[in-house]
Amino acid sequence: MVSAVLEVSGLACRRGGRRVFDNLSFALTGGELLALTGRNGSGKTTLLRALALLVPSLAGTIRWKGADVHDDRENWRAKLAWLGHQDGLKGDLTAAENILVAQRLRGQPADVDRVAHALSAFDLTALKDRAARTLSAGQRRRVALARVVAAKAPLWLLDEPLNALDAPAQKALNEGLTRHLAEGGLAIAATHAPLDSARILELGA
Amino acid sequence: MVSAVLEVSGLACRRGGRRVFDNLSFALTGGELLALTGRNGSGKTTLLRALALLVPSLAGTIRWKGADVHDDRENWRAKLAWLGHQDGLKGDLTAAENILVAQRLRGQPADVDRVAHALSAFDLTALKDRAARTLSAGQRRRVALARVVAAKAPLWLLDEPLNALDAPAQKALNEGLTRHLAEGGLAIAATHAPLDSARILELGA
Amino acid sequence: MGFGALFLRDLRLVWRRPGDVAVVLAFFVVATVLFPLGIGPESNLLARIAAGVLWAAALFASMLSLDRLFAADYEDGALDLLLLAPWPLELAALAKCAAHWVVTGLPLAVLAPLIGGAFGLDDRSLLVLVLTLLVGTPALSLIGGLAAALTLGARRSGALLALLALPLCVPTLIFGASAIEATATGEGFWVHLAILGALALMSLATLPWAIAAALRQAGE
Amino acid sequence: MGFGALFLRDLRLVWRRPGDVAVVLAFFVVATVLFPLGIGPESNLLARIAAGVLWAAALFASMLSLDRLFAADYEDGALDLLLLAPWPLELAALAKCAAHWVVTGLPLAVLAPLIGGAFGLDDRSLLVLVLTLLVGTPALSLIGGLAAALTLGARRSGALLALLALPLCVPTLIFGASAIEATATGEGFWVHLAILGALALMSLATLPWAIAAALRQAGE
Amino acid sequence: MADLHFLANPARFRRFSQRVLPALWLVTALALVIGLYWSLVIAPPDYQQGDTVRIMFLHVPSASLAMAGYLLLAALGASLLVWRHPLAALMARATAPVGATYAAVCLITGSLWGRPMWGTYWVWDARLTSFLLLFFLYLGHIALSRAYDDSERGDRAAAILAVVGAINVPIIKFSVDWWNTLHQPASIMRLDGPSIDPSLLWPLLWMMGALALLFVALVLMRTETEIDRRRLEIAENQD
């Protein structure tokens, strides 16, 4: 039996005093993709944020390779690559700068090759020196995705990654995910559209 | 032959000095839905903004029932209901307040019934007194759509209306669109996902 | 119709989130309190500078809050809705500035006599202080509103906004302060107040158009 | 590592074009010019209030640009990335305030003597002015940063806390201004400067934690 | 192509200015050399102020030209807003820094002159203060026009500011005058303008003309650079 890398058990969350979910448990091994689905407001975003410790959970544990992630938050954060509802791009920086800065903010040395590679995976090479402010919505989303790819993190947390993407970009994302999983990475994505080869966890059902 | 209600001919736009499209022409009759598709950055948003006169067009005319819309901008704006990439909700107002205020901003008297109806169409009745800030992304999007429905405008301009919506909400939108079209309304939507019974205009092709 | 709706919406937004106004008022008090502390307690000296200090601080306080007048709407997409409203954008500009005045200019005018009293202004001067602030601050809101609209989407908008607005506010400042001075030295203050009113009316008559023009090009 | 990256990112955001710092400086000058306009041109009066004027303008400059210190990151989602960086958030808070200080406090301190000269301060006072600004403005950046973090999000209590944060500036302002006064009247300024330094160190030692806590709250 | 249409006007301008500029530069240089020689060497020292009076030959023209420059800026702004004349935007971009430089020259020469005359570099005199504010109006214009990624947005924002600023310049001037008379400044010496000696007046007028030529030449030259830069920007954008 392969032992789980990420184990979540009995997780419960409240938002603004409202119960969002209770007693949520699942486990993921390396190379697995978990798709969170469910109605709007069922708690997909909340779950992702709780996993990233951005929102405190009321009960339950999150374990990474057996160790409770609350015990060493910084080490845990180093394992995560995050894509929120919002892109988190700085409009005044260029697409490439945005990714390089994000890399260094993660405490990694800036890795120009990896950034160039991530940009080209999302067909952004021609746009890499444009200020993010002047990009279209889908182009911005692609930059944010390239940031995730460039982050070299074992666990990707993606909130509706397909939003605003055109078909080729969706394909690029699926390829990126496949490569990440093949390298033994994990990913959890909240989504309303189907993702290739994902295990599905329906919230609020 | 049914004569066109909205006629666009020879439209050309530039963004930040870049040519986005040239010589774009199409015509819509009452009851028609036009879906704008195309790669990210192909100019769907720009076209919608140009139609709303938010972005000046370099060349071309836009005619509504034969009259150039540039001649009476206020009258033209009264014909439009707008949904942008961003929801345009005020986080500190409740869902219902957001829609009521938007209605009054359009110069219509606040029509509580219509608002309640629009809210219930998007399954928002239970949420109507929550501050928009505390809603989930899809719930916010639904409020913005309810605002469009409540606006009583003959032409809907929707920028990626399906973003972040769950399946029931997508269905509600399709129903709302059908009703609007059946009443003789027009709609133009930029989208990456298919919309029911839409004529398709592919940009940047 | 639309005017009232926008005005009330802005007031309600502020009311739901009083922090922003509180910071502005606190800033006003802190900035003015600084002078007695620096200069020392000679009350006649303090009374002499009171008018200038209070007006300069009021000016700063308005600028501080104007920064976000249109920026919030710009960033969350609500500005598009305003631009698409089927009534003149000039009225919308006016409504927003009016709402801003109600939540800064007006509280400042109410708060000012308290501070002016601490500076040793006599009652008559305090009355004139309130009057000038009531008449003059609308012009500040409008001028600042123009600067805020012009700097939408610009880099480093805060300081740029103030750099654009402050020179234009100088006439208001001068007549506001000098009305109080004139009262203190026993001259009549009516002339100053009349000029101040004229300045405010002129801003009212011209600036909404300029603000609307600036907003339109920000929507592009 | 991350500290440096964030610090440099903020500097780069501000320094995207070289003119941006000039804007802060220009704005600082305009702000100080308002006081003579409000108070009148008598040079001995102006020299007496110079310390207060310059410090009030410095406070204003800090507040005006601090307003958006975290709000921009909060609104566009970049704050989540900060919260998720694998190093202490306290350092992030410090980095942002430090970057802010480099582009406002530092240039202000360099420019201040020029303006002080126009206000008729003597050379020795000018020197003290620069020293106090160098020592004191970091505290302003930190306190302003706290107010900015507290007003993120909707919390009503944020208003109250921000209201409390601003008066924290008062000690800094008082000792900054009084050091200059003391020099002008021939007393020693070292005591004031020492207290100012102590205040700055105290802010440095405590406020990053407070700011980080406020940011975590906002991230929820 | 739409973009060529946009450049049509500036291109014609460019052909024109390329023909005119060399000659203009020659005339300007000559006028400046003559003017400087006249005012620095030939003109007699003032009986009261000695040689410091020579600062005047730079100070006074630069003051007048800086003020005229702002009017030009406002006119250019208005023509951009009303007729959407593309050349006006480029010319405004060229004019503002030149005007600001002239204003700075006036401020600096004034301060240097003030030191021997008034014993201080600066006094809060009405004329000085309102001129300082004009300088800041210039700075605001420059900063605003460069604060956008999209240069055309910067152009239009700056145009609005220039027009509003121009309406306000007289108001600012008037209010500052009022401010100063109210407060009865201690005592400020100044030269009596009109009663200036012809031996000083003529070189002064000459310098005024020469510096005006310089202003025009600089604006034309910078407009050319702006056209080139904008053309480059457009070329870059046609990915």
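We just call them A, B, C, D and E in the order they show up, numbering each chain from 1.
Operating definition for what follows: a residue touches a chain if its C-beta (ideal position, glycine included) is under 8 Å from a C-beta of that chain, and two chains touch if they have at least 3 such contacts.
This structure is a prediction, so every number in the text was calculated from the model and none was measured.
Among the remaining chains, those touching chain A as well as chain C are B, D, E. In terms of C-beta pairs in contact, the better-connected of the chain pairs A-E and A-D is A-D.
The chain with its Cα centroid farthest from the Cα centroid of chain D is B. A turn of 175° superposes the CA atoms of chain C on those of chain D, with the angle given to the nearest 5. Interface note: chain A and chain B, two copies of one sequence, contact each other through mostly matching residue numbers (shared numbers exceed half of all numbers used). In this assembly, the chain whose C-alpha centre lies farthest from chain A is E. Once the centre of each chain is set as its mean CA position, chain B and chain C turn out to be 37 Å apart.
Averaged C-alpha coordinates put the centre of chain A at 30 Å from the centre of chain B. The geometric centre of chain B is 48 Å away from that of chain E, both derived from CA atoms.
Distance between chain B and chain D, defined via averaged C-alpha coordinates, is recorded as 45 Å. Across the assembly, chain A contributes residues 85, 92, 133-134 that each touch 2 or more other chains. Touching two or more other chains at once are residues 16-17, 76, 153, 155-157, 160, 163, 166-167, 170, 174, 181, 220 of chain C. Multi-chain contact residues of chain E, defined as those touching 2 or more other chains: 133, 136, 139-140, 143, 147, 149-150, 176, 179, 182, 239. Taken in their complex, chain E has these residues touching chain C: 81, 133, 136-137, 139-140, 143-144, 147-148, 153-154, 156-157, 160-161, 163-165, 167-168, 171-172, 174-176, 178-179, 182. On chain D, the positions that touch chain A within their shared complex are 1-2, 4-6, 9, 12-13, 16, 76-88, 219-220. Interface of chain B with chain C (complex): residues 49, 52, 54-56, 74-75, 77-78, 80, 82, 84-93, 97, 101-102, 104-107, 109, 131.
Per the touch definition, chain C reaches chain E in the complex via residues 146, 150-151, 153-157, 160, 163-164, 166-168, 170-171, 174-175, 178, 181-182, 199, 206-207, 210, 213-214, 217-218, 220. Chain B makes touch with chain A in their complex at residues 15-16, 38-41, 45, 85, 127, 134-139, 141-142, 159-160, 163-169, 192-193.
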